[in-house]
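Read through the structures below before going on.
Okay, so chain A shows up in both of these, paired with chain B first and chain C after.
Then we have the complex of A and B:
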């Protein structure tokens, strides 16, 4: 795993670094899917982090990384609420291996002033439209 | 000579070479074929021949000592090749797992359910955004 991360290090997004950084935080839910069934959907890597009850500091740190990715994204769909990013679907510059790379972020209020944060890093041949359709179909 | 013939000849001569049976003429042929053939599968042999050529330039030791050095070089090149192949294979291999609060879950159905739930949140957030955009466009439309 460490070797894979080193190999991918050169073209990682800021958000991908955040997923790795907070993957062992209390209550963190991390999903890693690579190859296998993903290829059916034109994807090669799926890496997600859900923090069901992130502190304001953690949520702000992740939001800052997403903001940096928004700046370097080639295509973006972003919504803000009260000055904070609520949702972002970012098409990042093509990875070193020629595959498309996407960052998806969702942040909603949780109990006691905390926030529920979802951050996903996806890589594959699929276009943004194909990925959005896949999300729509999968979530139903 | 076709590519297939070249590969067959390289393999045959390589086998004879490491068995110490090749003539000088056959060794010359092998070097020429390897130089022309760019395939990855013959990289260890190519590395060995390059090493041999270097040794030949640096020293005039007897043929047997050279063969021993070549065997070591061949073994090293093969080991490097196998390590590279193993690492490449490992990177290409599929993975599917989840970690909840540092507890590993490798049940594919459970992981799939988690992915579906996560994508559901994404879809809901996107629907909210689209509804908001539609509402704003509708307001603008009413003003026109």
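Then we have the complex of A and C:
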């Protein structure tokens, strides 16, 4: 049993753990999609967490988890602003079920020095290129 | 936040020393200036000249607003779809479908009719149909049309006998004969009306009633005489009820494979024209 738990833990990204950890935070928006329309895009699971007004401590905790995932990612696209991770698209090691796994992170300024944090954990057959083509990114 | 940047235009040769207590935005500290002249002023820039006994300094101070942090937004097409469904999904929706509920299973007599044995059945519950989806899309009411085939066996020392005028009965097999094999076959259209509920993901259950239009029913019996002669007899023109009703329950594990149970309480034949029995049937259902 302990081995099974270890294996489960190894398969999860630090970001996925953050999504779970902060999913019940005040104002948190969690979106979980499995199957259905996702299969059209070569994806099987989509988990996202949006914290519209995260405190600096929460934002830093999530950023630390993303940093850990950056270290273990097989491919990464990261941009920084004032030394802080602004955007990250990470290709993580393949999941136990053979599917590709990706982490996407965006940290925007919010009112009163708070941060708007979006953290997404995605699994599927789609390649990083296919997924990047799917995402619409707007920058202001 | 506003930050000041100071640019020195001209710096005199005289030595000027910044003290350790110099504030971050202070470029130079001039001790005992003899004259300070503001050349130009404004909200965004300040040009000034500072003179001391031995030196002259010309400064241009410009305040430039710090670039605000850019905002990045990301979106996925399927999220948009989810939102659209969320906003639109407050209404019910009709849709049509085809080929749902291919099934095969065993049919077991629930009445103790001597000689009647377990048979089998197969069919397509809904060759085509319409579905009324709830706003959540997890509950729906379906109505369709399909067809069925059911074959009920007779054995255990009994066989089907023809009583004339399309009347049949299960009777003990005549002495001296053996290898009896009799069955009642029924074919027709079925009209299921089902209430369907998705439970977890695509896994769900459906419950409803199925009208059976028994368009074609035959009986056959086969035996071998004492002298080894094999005889067959097919009985048509039977007095089956034109319309019977079943109750149907389906559990589907995922969107494809499932299990069904069907209860047929109505006797297939009119009173005194054939064996009177009800059936339970159960088996595999494909497509939900």
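Operating definition for what follows: the second predicted complex is superposed on the first by the 126 of 140 C-alpha atoms of A that agree within 3 Å, B and C clash if a C-alpha of one lies under 4 Å from a C-alpha of the other, contacts with A are read in each partner's own complex, and residues count from 1 in each chain.
As a convention for this text, contacts are C-beta pairs under 8 Å (C-beta built on N, C-alpha and C of every residue); 3 or more make two chains touch, one makes a residue touch a chain.
All values derive from a computational prediction rather than experimental measurement.
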Contact-wise, after the overlay, does A:82 reach chain B, chain C, both or neither (first, second, both, neither)? second
More chain A residues in contact - chain B or chain C: B
Looking at A:125, would you say it contacts chain B, chain C, both, or neither? Reply first, second, both or neither. neither
Partner chain in contact with A:23 - chain B first, chain C second, else both or neither: first
Of the two partner chains, chain B (first) and chain C (second), which one does A:135 touch, if any: first, second, both, or neither? both
Is A:31 touching the first partner chain B, the second partner chain C, both, or neither of them? both
Between chain B and chain C, whom does A:104 touch in the aligned arrangement: first, second, both, or neither? both
Between chain B (first) and chain C (second), which does A:41 come into contact with in this model arrangement: first, second, both, or neither? second
Hey, what residues of chain A end up touching chain B and chain C alike? 31, 33-35, 37-38, 46, 86-87, 104, 106, 108, 118, 120, 134-136, 138-140
As the complex stands, chain A meets chain C at residues 31, 33-35, 37-38, 40-41, 43, 46, 81-82, 86-87, 104, 106, 108-109, 118, 120, 134-140
Can you list the residues on chain B that touch chain A in the complex? 87, 90-102, 111, 114-116, 118-126, 128-129, 132
Of chain A, residues touching chain B in the complex: 3-4, 7, 23-24, 26-38, 46, 48, 50, 77, 79, 86-87, 89, 104, 106, 108, 118, 120, 132, 134-136, 138-140
Spell out the part of chain C that touches chain A in their complex, as residue ranges. 68-79, 81-82, 201-202
